[in-house]
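First subunit A sits with subunit B, and in the next complex the same chain sits with subunit C.
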Partner chain A sequence: MSGSFYFPIVGHHDNPGFEIEFLPAEKVESKHDHHHFNQSIAHAALGLVDANRWLCNNMHLKTVDKFNEWFVSVLATADHVKFITLHDVRQDHGIKNLFSDVYELYIKLAMNLFYKPYSPIGSSTFDIKVQFLGKKHLLS
Partner chain B sequence: MSRPGNRRPECHKIDWHLPAISSSASAHSMNRDLFVLTYGALVAQLCKDYEKDEDVNNYLDKMGYGIGIRLVEDFLARSCVKKCHSYSEIADLIAQVAFKMYLGITPSVTRNESSRNEFSLILDKNPLVEFVEELPAGRSSLCYCNLLCGVIRGALEMIHLTADVTFLQDRLKGDKVTEIGITFLKKLEEKKCRRKK
Partner chain C sequence: MSVPDYMQCAEDHQTLLVVVQPVGIVSEENFFRIYKRISSVSQINVRDSQRVLYIRYRHHYPPENNEWGDFQTHRKVVGLITVTDCFSAKDWPQTFEKFHVQKEIYGSTLYDSRLFVFGLQGEIAEQPRTDVAFYPNYDDCESVEKRIEDFIESLFIVLESKRLDRATDKSGDKIPLLCVPFEKKDFVGLDTDSRHYKKRCQGRMRKHVGDLCLQAGMLQDSLVHYHMSVELLRSVNDFLWLGAALEGLCSASVIYHYPGGTGGKTGARRLQGSSLPTDAGNRHRPGAQEVLIDPGALTTNGINADTSTEIGRAKNCLSPEDIIDKYKEAISYYSKYKNAGVIELEACVKAVRVLAIQKRSMEASEFLQNAVYINLRQLSEEEKIQRYSILSELYELIGFHRKSAFFKRVAAMQCVAPSIAEPGWRACYKLLLETLPGYSLSLDPKDFNKGTHRGWAAVQMRLLHELVYASRRMGNPALSVRHLSFLLQTMLDFLSDQEKKDVTQSLESYTSKCPGTMELLSLPDGLNLPPVPFTKLPIVRRVKLLNLPASLRPQKMKSLLGQNMSTKSPFIYSPIIAHNRGEERSKKIDFQWVQGDVCEVQLMVYNPMPFELRVENMGLLTSGVEFESLPAALSLPAESGLYPVTLVGVPRSTGQITINGYHTTVFGVFSDCLLDSLPGIKTNGSTVEVIPALPRLQISTSLPRSARTLQPASGDEISTNVSVQLYNGETQQLDIKLENIGTEPLEKLEVTSKILTTKEKLYGDFLSWKLEETLSQFPLQPGKTATFTVNIKVKLDFSCQENLLQDLNDDGISISGLPLSSPFRQVVKPRVESKPVNPPESSKAGDFSHVKTLEAILNFKYSGGPGHVDGYYRNLSLGIHVEAEPSVFFTRVSTLPATSTRQCHLLLDVFNSTEHELTISAKNNEELILHAGECQRDF
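Showing the complex of A and B:
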C-alpha cells in the first residue's frame, strides 16, 4: 500500500522552511500543477492546526483535516514549528515514525548556531536524510 | 645525569599514569552542551562581524592565544609533569594530557619523518563541532576550531617555545580527519641572561 506524500515544514511565523515530496515508483513524473495545489491545502490546514493544538496534550495532532482524497496530519511543536504531511492513504504508524525522526533531525539542526531559527533549511545533508527517512517509513 | 644527544624517542616512552577522571574535571565542571553552544555562538557572532574568513580565523587565533598564555599555568599546576627533553615528548604531552584534561579527547600524534620539528595531532572526534554538520555557505575557508591553534601556540610561548600551529585538514571542509600541525620554530632567547653578561 503506497501513496504519494507531500511533506512541508512550516516555521513559527507560518513561513515555509522545507518541503519534499515522496512519490511511489509508478508516479515519478513531476507534478508541477499539483505542487501549488498541495501547498494551498497545507496552508489552509494551518488554521485548524492552531485550533487543535490546544485540545491535544502531545505534539502529534494526527489527522486534522481532509480535503477531497487528501488527509492532513500534523506534528506541532511547542514553538509553533509544524511538520505537515499530506497523504492520500492512511498510514498513521509510518507518518508518526517519520515525524519523530525528522523532529530529531530538526532539533540537531536547530542547535547549529549558523542556522538562523525558522529560516529556510538549505542544508543538503538534511535533505538527503529526510529523503532516506521518507523512503524508510512511508514507501516501504 | 647527562643524556646522549641522539637518543631515539622510542626508548624514552613516558607512562603518564593518568586517572580515569582528571583531577581538574571536578574542579572545573561545566555542562558539555553549554560549552559547545557557547563556542558556536562565539564563532557565529564573529562571522557576522567580519566578512572575510581570514579575519575570523585570525581573530579566533588571537583569542586562543590569550587563553593559552593563561591556561598553561593551570595546566602545569594541575598536571605536575616533569621537564620534557624533546619536541616529541611535548607533542605527546599536549595530546595525551592537555587535550584529555580540557576537552576530554586524546588525539593521536604523528611525526613528520622529514623534519624533527613537525608534528600532527589527529583528532578523531572533536567535541566542539558536535552540532555543526557543515560550514555555512560562503564560509568555505573558515577554520571553525582555530581557537585551539591559538591556545596551543600561546601555551607553548609561555614556556619559551615558539611554534606555528595550523589546521592541516578539517572534517568540516570535507577531509577525512581533523589534523592540527605543530611546527616548532627556533627557541626564544632569554633576554635576562644576556643582560647579566
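Showing the complex of A and C:
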C-alpha cells in the first residue's frame, strides 16, 4: 500500500490524457478496484486545484488535498493542464523533480504538430520516458 | 454530547430551542400538520420592546445534548409543546400524566411547556388553562399560532428574568461554576476560594450571560459580555470555555454582519423579517437601549447613550476576517478536548457556512478538511451517511462540486455497506443520482453529442455501473436497462473491447426480462430519465433517399401553360432565383414517391463493436404521410466498414413525407434515432413528395429477352430488352402482353418509338403498330392483361457498304478486261469492318456476316387512377435490338459488252446467304429462285 504513486495528466474538461501508476518493486500488481479509487480521489481534488492555481504564483501547487492517507500534489501548467500525483508518503522533493521533468517532456510533445492539445497521449515513447522518470524520482 | 447537528449555523446561537413532540398515539400526518403550523411562528417581536426572539423548533432532540445547555444556551431545551389525541374525558388524566412524564425528560432546563389536546370536548375542555389548549380536531384550531405566540412571550419573560438575574449575580461573592457534563468529576475537591477558580467562575458566567443576551435579542450586550469573558478565560487557560466564548463572539458578529442568515433555508425565513443591514442596525438599537436599564451592563461597559452604540459596535463587533480567525482559534481550543468533538464539528460547519457567504472557498475547504478528521466515536452507519452527506452539501455550498460529488458517492456507498443488515439501495441510488453533475454527467444522451467529451470517463463509467447495480438491487430493471444503455451509448469510445462485450452481455440479460423502451422514465422524486437511442449501434454515416426504379418513376405531364416554369419570376433564368432554388433543394428532393409503391432509403452503416452486431426490427420513422414501414433485420460483421442497408416502406397516403430517422432493436433495446440528433451524418435531404397512386404496367413479349442493355442517350433506363435476328426485308410480329400489376386501373396508354441514331438508311417503317385494338380493351383493371402487336420490318440497304463500292471501282477496271477480284477477299473485308462494331456477333455469324444492328426503344406512357387526375404518368421502355443480315450477296459485278454499243450487260453474281429459298425479282424481268446457300449468275 505504502509508497505507491498514481500520476494522471488531466486536461481542460477533467478528462485524463495520460495515466500511469508507479508501484514499489515488491508490489507489481495493482488492484483494479484500487485504480478506481485513485481516479475518484484525483477527480475530487480537481476543484481544489482550480481554486488553488489562482492563489499560487508557482506552477507547482504542492499538496492541495488529502483524503485519509492519500495526498494530492499538483503541478498546473500555464495552459491549465494539471499534472497530479496521488501519493501516500511524503516525498515532496521527488514529486517536484518528477513534475519538472515530465513537464519538459510534455512541452516537447505539445509542440509536435501531430499532437492535438489536451487529447489523450498515445505516444509510447512518452509513456516509457515517464515510466523511467517515475522510477528515478519516486521509487529509488 | 454525541449527536452532532450538522444543520447548525451561527445564527442558531440567538434562538430559543423548543421541542414539539407527540404524546400517545398521534398520526404522523396530523402531528406534522400541527408541527408545520407551530414552526411557522419562528420569530416574535416582543411586546413593549422591539427586540426580536427567534425560535428553533425540533421534534426530536436527544436529552444528552440538553445537558450541554449551560455551555451554550441555544442547546438548552427551554420550551416543550406536546401534541396529543384524547377523545374521552376518561382518558384525560392519563393523557395529562403522560405530558408530565414528557416534561420530566427536559425538566431541568424547561422554562415553560404547553399541551395541545385534540378531540376532547365537554367539561374539561371548557376550563380555561394556560398550559393546556383544547381543540375539537386538527382542522379546527385557528388559534394555534396565537397560543404559540403567547407561549413564546412567556418564555421571554423567564429568559429576561434569568438574564437580569445572572447579570447582577456577578457582583456577588459566590458565582456558581458552570460546567459541561464531562468536567463535573474534574472539579471535585478543587479549591473554590482561589483567585483562579473565581476568575474561572466569572468568565464562564459572563459567557453564559452573553448567550442569554444574544437569545434575548440584545446583540450589543452579548458582544460586550463575550469580550469580557474571553479576557477572563484566557487568563486562566480555561480553553474549552474560551473556545465557547470566542464562538459566541463570532456568532454575534455573524448575526450582525449577515442578517440574511448563513444557513440557507433559515436565511430565507429571516429575509422576510429584516433583510437589509441598515434595517438590522435599527433592529438592534432598541436592544441596546435597554442596556440603560440593565444595571450589570451599565457598570461594565459604560454604554449609556443611544449614540454611543455606534462606537461600541465598531469596537466590539468582529470584522468579517476576524470572525474566521476567531473561529479558527475556538476550534483549535475545542480540539484539545476529545469529548467536545461534536462542538468542534459543529463549529467547523458553522464557520464553513460563514465562509461560503464570504466566498472564501479555499479557507472553507480547510475547515472542512479538518472536520473530516474529527473522530467522534464509533459512528453508526446512519451517522456516517449523514456526515458524508453534509460534507458533500457543504462542499457544494463553497463551489467544490467534484469534491461534493465524491463525498456524496462515499455516502451512497455507505448506505449499502456490507455491515448493514438491510442495505438501503433506494437511498444509495438517490444519492448516486445527485452526484452526477459533479462528475459532469447528465442523464440526457443529447448532451454528449456536442463536441468533446467532458469529465473523467473512467470515473463516470464506474458511477454508471454503480447506478445500474443499485437500480437492479432496488428492483427496478427498467432503470438498470436505461442506465446501461446510457453507458453503452455515451461511453462507447472509452470502453475496451472486453468491456464492450461485458456490457452488452449484461444488457442482453437485463433486456430479456425487461426490454428497453423509448419512454421517458419518471422517478418518484420527479427526476425524468430521457430515453437513450442507440445512435452508435450501428453508426449511420449517410442517409440517402432513393428514387423509384426508372420504369416506376412518375412523370408530370407537361401542361400547356408551362407549370414547370418557376412562377416566381418573369425571367426564364435568373442567377438569384437559381440560387434560392438550390437552397430549397437541399432540403427537398426533386423526385417523387408514389402512394402504394415500395420506396427505399439507403443507409450507410458500420458496426463499431468488436463482435457481430445483430440489428433487428430496423425501419424508418417518418412524418407527414401515412407510411407503412417494412422493418428489416440485419447482422453486421465485427468492426465492419461502411455497409449499405436499404430500408423500405410503402406510403399509404399522399403529401410531403419527411424521413425523420430510423428505429432499431439492438440487444433488446428499442431505439428511435432521429437524424437531427445524429452528428456528422450526410444526407441528400429528407423530404419527398408522395403523389397519388398510379397503375403499374408489366410487359412481356413473344421474343426472347436480351441480355444486352441499350444505352440510350437521354438517360432513360430501359426495363426490358428483346432481341431478334432478321434477314433484310423480313417482317416479324412482336406480341407484347401488357399486364396491369398495380392496384389502380390503367386508363391511358401512349406508345412512341425512337430509333437510336444509326448511320444506316432505313426504308419504310421499322416499327409499326395499331394501338386502337389494344386501347379498346382499356381501362385495364388490376390484374388484367391486354395484348399489343408491333410489326418489325427490316429494310436496309446493304449495297452501299464501302467494300462493295470498292468492288465497283474494281469493276470499273474490270470493264477494261482485268480479272475480277476473288470473292473470298470481298467477304473478308466486311468482316474486318464489322468487327469493332459488334465483335461477338460477327464471330458467331460465320463466314457471311454482314450483320447490321438496329436498335429502337418503344416507350409506353401510361397512366390511370388518382395519379392520372393529378397529371402524372409513368413511362415504361422496351428496348428492341434487331440484327439484320443481308439475304443476298452480290458477290461479283462485271460488265459484258452488249450487242449495242450504247448498252452493256451487267453481270451480278448473287449469293443467297440465308437458309431459305428466296425469290429475287428485278425490274420488269423474270424472277429467279435461289435456294439456300446457292450462288447463281444473273443477267
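The rule we apply is simple: the second predicted complex is superposed on the first by the 138 of 140 C-alpha atoms of A that agree within 3 Å, B and C clash if a C-alpha of one lies under 4 Å from a C-alpha of the other, contacts with A are read in each partner's own complex, and residues count from 1 in each chain.
Following the convention adopted for this analysis, contacts are C-beta pairs under 8 Å (C-beta built on N, C-alpha and C of every residue); 3 or more make two chains touch, one makes a residue touch a chain.
Since the model is a prediction, treat every value here as computed from it, not as a measurement.
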Exercise. Looking at the overlay, does A:Lys108 come into contact with subunit B only (first), subunit C only (second), both, or neither?
Worked result: first
For this session: Kindly classify A:Ala44 by the partners it touches after superposition: subunit B alone (first), subunit C alone (second), both, or neither?
Result: second
Seminar exercise, completed: Comparing subunit B and subunit C in the superposed model, the one touching more of subunit A is C
For this session: Would you sort A:Ser123 into first (subunit B), second (subunit C), both or neither based on which partner it touches?
Result: first
For this session: In the overlay, answer first, second, both or neither for which of subunit B and subunit C A:Gln131 touches.
Result: neither
Exercise. So, does A:Lys66 touch the first partner subunit B, the second partner subunit C, both, or neither?
Worked result: second
Problem set entry | subunit B and subunit C footprints on subunit A, overlapping residues | none
Exercise. In the complex of these two chains, what residues of subunit A are touching subunit C?
Worked result: 10, 13-16, 36, 39-41, 43-48, 51-52, 55, 65-67
Exercise. For subunit A, which residues are in contact with subunit B within the complex?
Worked result: 108-109, 111-114, 122-123, 125-126
Seminar exercise, completed: subunit C contacts subunit A in the complex at 361-362, 365, 369, 372, 395, 399-403, 405-407, 409, 439-440, 452-459, 462
Exercise. Which residues of subunit B touch subunit A in the complex?
Worked result: 37, 40-41, 43-44, 47, 131-137, 139
